[in-house]
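Chain nomenclature is as follows: A, B, C and D, assigned in order of appearance, with residue numbering initiated at 1 for each chain independently.
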Amino acid sequence: MGLEVEISGLKLNNPTVLASGILGVSRKMIERVIDNGAGAVTIKSISYEGREGHNNPTVISMENGLMNAVGYSNPGAEESSKEFSGLNDMKAPVIASVIGQETGDFVKVVKALEKCGFSALEVPLSCPHTPGFGTLAGQDTPEKTGEITKAVCSATDLPVFVKLSPNTKNIGEVAMAAERAGASGITAVNTMGPGMVINIEARKPVLAFGVGGISGPALKPVAVRCVYDVYESVRIPVIGTGGVTNGRDAIEMIMAGASCVGIGSAVYYRGIDVFRKICAEMEEWMKKNGYKNIEEMVGAAHG
Amino acid sequence: MAEIPEMVKINRIVRENSDTRTFFFGEKMEITPGQFLMVWVPGLGEKPFSVSYMGEETGITVFRRGKFTERLFSMKKGDIIGVRGPYGNGFGIKDNACVVGGGCGIAPLGPLIEKLDDPLVIIGAKSSDGLIFSKRFAGAKIATDDGSSGFHGFTTDLLEKVIRNRRFGMVYACGPEIMMKRVFDMCEENGTECQVSLERYVKCGFGICGHCDIDGFMICKDGPVFCSYQLRQMKSFGSRAKLKSGKKVSVAEYAGWRCR
Amino acid sequence: MGLEVEISGLKLNNPTVLASGILGVSRKMIERVIDNGAGAVTIKSISYEGREGHNNPTVISMENGLMNAVGYSNPGAEESSKEFSGLNDMKAPVIASVIGQETGDFVKVVKALEKCGFSALEVPLSCPHTPGFGTLAGQDTPEKTGEITKAVCSATDLPVFVKLSPNTKNIGEVAMAAERAGASGITAVNTMGPGMVINIEARKPVLAFGVGGISGPALKPVAVRCVYDVYESVRIPVIGTGGVTNGRDAIEMIMAGASCVGIGSAVYYRGIDVFRKICAEMEEWMKKNGYKNIEEMVGAAHG
Amino acid sequence: MAEIPEMVKINRIVRENSDTRTFFFGEKMEITPGQFLMVWVPGLGEKPFSVSYMGEETGITVFRRGKFTERLFSMKKGDIIGVRGPYGNGFGIKDNACVVGGGCGIAPLGPLIEKLDDPLVIIGAKSSDGLIFSKRFAGAKIATDDGSSGFHGFTTDLLEKVIRNRRFGMVYACGPEIMMKRVFDMCEENGTECQVSLERYVKCGFGICGHCDIDGFMICKDGPVFCSYQLRQMKSFGSRAKLKSGKKVSVAEYAGWRCR
């Protein structure tokens, strides 16, 4: 029995992938995540110019999920290309996350990160809380998604994963637009909402930006449905992301149609070694239920 | 395990010196010395502050340096502010200890000193009127840059003299990073273990965003207190820190930005 | 100090309103809900022809919310007009919930229920799991919402509340369309998603319909944001619905902009007397924090 | 408190009569006699079944009457089915009891009888080969419509004879609704308290959708077991029930639809 997966040419020891925006801010940190069992890691999203992001509070933990409005803080493409260099040495594939406001911005970042040794690119068109980006900029329509995906795919030889929003009405259509434009895979999904938490004693929303994207357990059922829909719509593989916290969640996501699973908020719930823990739980369940590999479970809930 | 700021009432405010005040909240919290709280001023922002008093009341000791702390200084007894936490990994207790606090860095060391069994305490400041907690820890050795009180020189100079004659089980330090680096280097030469409390820009406070990263360690989760073993792996300790965007600059530039 | 509220001419003893689809299937049952402290009640949605709805399982409870695909089962407008007659006797306002596929269907139901004595009508254009209705029929666009609202408002003298979906991209615009078309108020929101739960041993989605709408705690932050957005967009009052489970939740919803709060899933979490419980908790909090009435809290988190 | 069907293995299957089988699951569950489980066959549907055996194994006793139960009958030892629950309000235990089960209605009464102290048990069926649990409760009085075993007549006829001579602390009944109504009426005339287990179309099973409503009572939450005090408030008891759409029809029509 094995947990290995291959997705768009990337070979992973196991199907757990660190989601973008969680921990992935430095080479040392992603090394540490890999040491803790991640099958692949995604770095925090990089824009061409550096960004300070929104003011604190930027991340809070609710009873059933996290809510964040970090606002894409990042040191910009130049700085990042220095931080993440020589990634070929890493013990697992490293995926760059590339953001921009205009289509050309994405291409500029791709070029700036060209020599780092990333194994793939992820293009989130789905952030719900950063003006100028993602859903707030309409990047989640099939048209815009097609346009940006095409531009990124022309600028690189690496596999390109397009990251979709659970808030988009017809996620299947957006996935199809990405596939047509050359995407190698889909990451589904980014955070949900946005939502808002008000502190009633303070009479104010808690996040400085007012609203934020929801991740963690509260997102899981919506993410599973999105992955299910995407799987029905396209033939390229899916990184199923959203609320995966334990081995059962991972298998649920895989049966919905994911080839591997993104893991973000679970780092908060179960610590940085959550990757190792989830793999152990998956193995145990697979043994008990007679599964030999990941592949035979992918999409098993369909039909 | 929701972690959302809860509004607490300021019970009393104590003036420590012209630019430093301690704010007490009525709440009793489960805290390990060295842990910090995220303090929220609705509409303004949220920042980390070490717990400087624990027990029936919980206190934070704040040095006025920018618009956030300025706003805190404008608050009065009975006002409410948001608090979440405690966060982070506090100090590990060791016998036969020396504790070195520079400026406002004495804040997290306060509750530590009260837990330690007869430690040697060094409190430093630019000059005598900048000293914090010198009455709270009356037995402490004092160092001032201008010699206006106690030893004439930096805390690290005083520490150097002290460890020449005595082998400590642990040296604890908090203050400007350059001071903590000096303490660490001295301890390394001397073969003494130390624990220091570092500062970096904190966002989530609970180990998810990675922003407080220092060479793969998270200030908010693995720290803010780090031991010699960890410090040895930190190339950036004493040299580089990240701004709000994640841009890495020299610790001096960070400190300047931080106090602008 | 008092909990009374007036909303679009309806006088409520307190701001808790039974949400549609929960318990409101018979006259006896809504009497019981009123006896348990509800300030007003909404009956289960009625279509012109009777409907069996989806097969079981139709409702499940997840860790942080409910998921349902009941599929609008109801005995039809004729039967319902018999079940709910002489409502003027009731000790609290009763709101009819009216659904249809075509615009004309809504009007037919309104006419059939005319003599029952309802105090207001609610028009959900927002169900995420019933083909032919709500978001699956595009009733949540500003255009369709305007059209249906206008038709219903022309067919009745009662106040009309239009019930919106949290899944609609620009909920503020839809609310504005409803207001322009004559709505007296907005109910925000219906269930979220849809979502999906897969039983991995069975390799099948649990709900017979596959997907279902999410309610309860997982929905709350999204519902609060929706109410906040609607409050900024229109001047008509809002019934804030979604995840309200205790007094603090109710006040959070009110500070986001709701004049009263819908309560559905909380019946599951805290029992049928949840209305009374929430009112007691609100009163206690208001006393402690120096509020004299509901009105002064409405929208307090804005600006 | 997630309530999602969990897959359990069928441990063994016991034939009670040609159209009735008991299915045992390995699981031990916390159950009060009278409570029911929601049983899920993926891809087909989910329906309520009373717990008929409790202890190390949990059992449900199923009468074959439609496509769902037909599918259950096609299952073998080792197959898995989904179960959630237990749900509802079970029987309250009273001394000096009489228990009346008609047909498959004996199912929920099984574990009740085992908890009661020496109750008088009446088991009825159309004819002797339809009897269920007559071996399990060897001391039970038997009634058959055709007189092929025991008393010749309905369980209610037998009950009528019995209560003429003995005052019971409680009469428990389950079976066709017309039978239960008759039991209730008899008890009312006689001044005896009773508890009966009703059936209505169940959707959620946990008291939220209201579909199982019977005059403001929820079968799934307030029931399925109701006492005399509640039954007195139910105009629809013995007269009307709701179809899947919520349309109210006569109990006879409901029963027919239910067994189509």
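What we mean here is this: a contact is a pair of C-beta atoms (placed from the backbone, for glycine too) under 8 Å apart; a residue touches a chain by one contact, two chains touch by 3 or more.
Predicted model only: the values in this text are computed from it and were never measured.
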- Item | If a chain touches chain B and chain D alike, it appears here | none
- Item | Most distant chain from chain C by Cα centroid | B
- Query: Approximately how many whole Å separate the CA-defined centres of chain A and chain D?
  - Reply: 51
- Task: Would you mind pulling out the distance in Å between where the CA atoms of chain A average out and where those of chain B do?
- Result: 36
- Can you check how far apart chain A and chain C are, centre to centre, with Cα atoms defining each centre and the answer in Å? 34
- Residues of chain C touching at least two other chains: 62-63, 197, 201, 203-204
- Name the graph shape formed by the protein chains and their touching pairs; answer line, ring, star, complete or other. line
- Task: Could you please write down every pair of chains that are in touch?
- Result: A-B, A-C, C-D
- Item | Interfacial residue positions of chain A with respect to chain B in the complex | 21-26, 28-29, 31-32, 44, 50-53, 55-63, 66, 68, 70, 73-76, 79, 83, 197, 199, 201-204, 206, 208, 264-265, 267-268, 272
- Query: In their complex, what parts of chain A are in touch with chain C?
  - Reply: 62-65, 67, 135, 167, 169, 192-198, 200-201, 203-205, 210-211, 214, 217-218, 220-222, 224-225, 228, 248, 251-252, 255-256, 285, 289, 300-301
- Task: Spell out the part of chain B that touches chain A in their complex, as residue ranges.
- Result: 1-7, 38, 40, 42-43, 45-47, 80, 82, 84, 202-211, 213, 215-216, 242-248
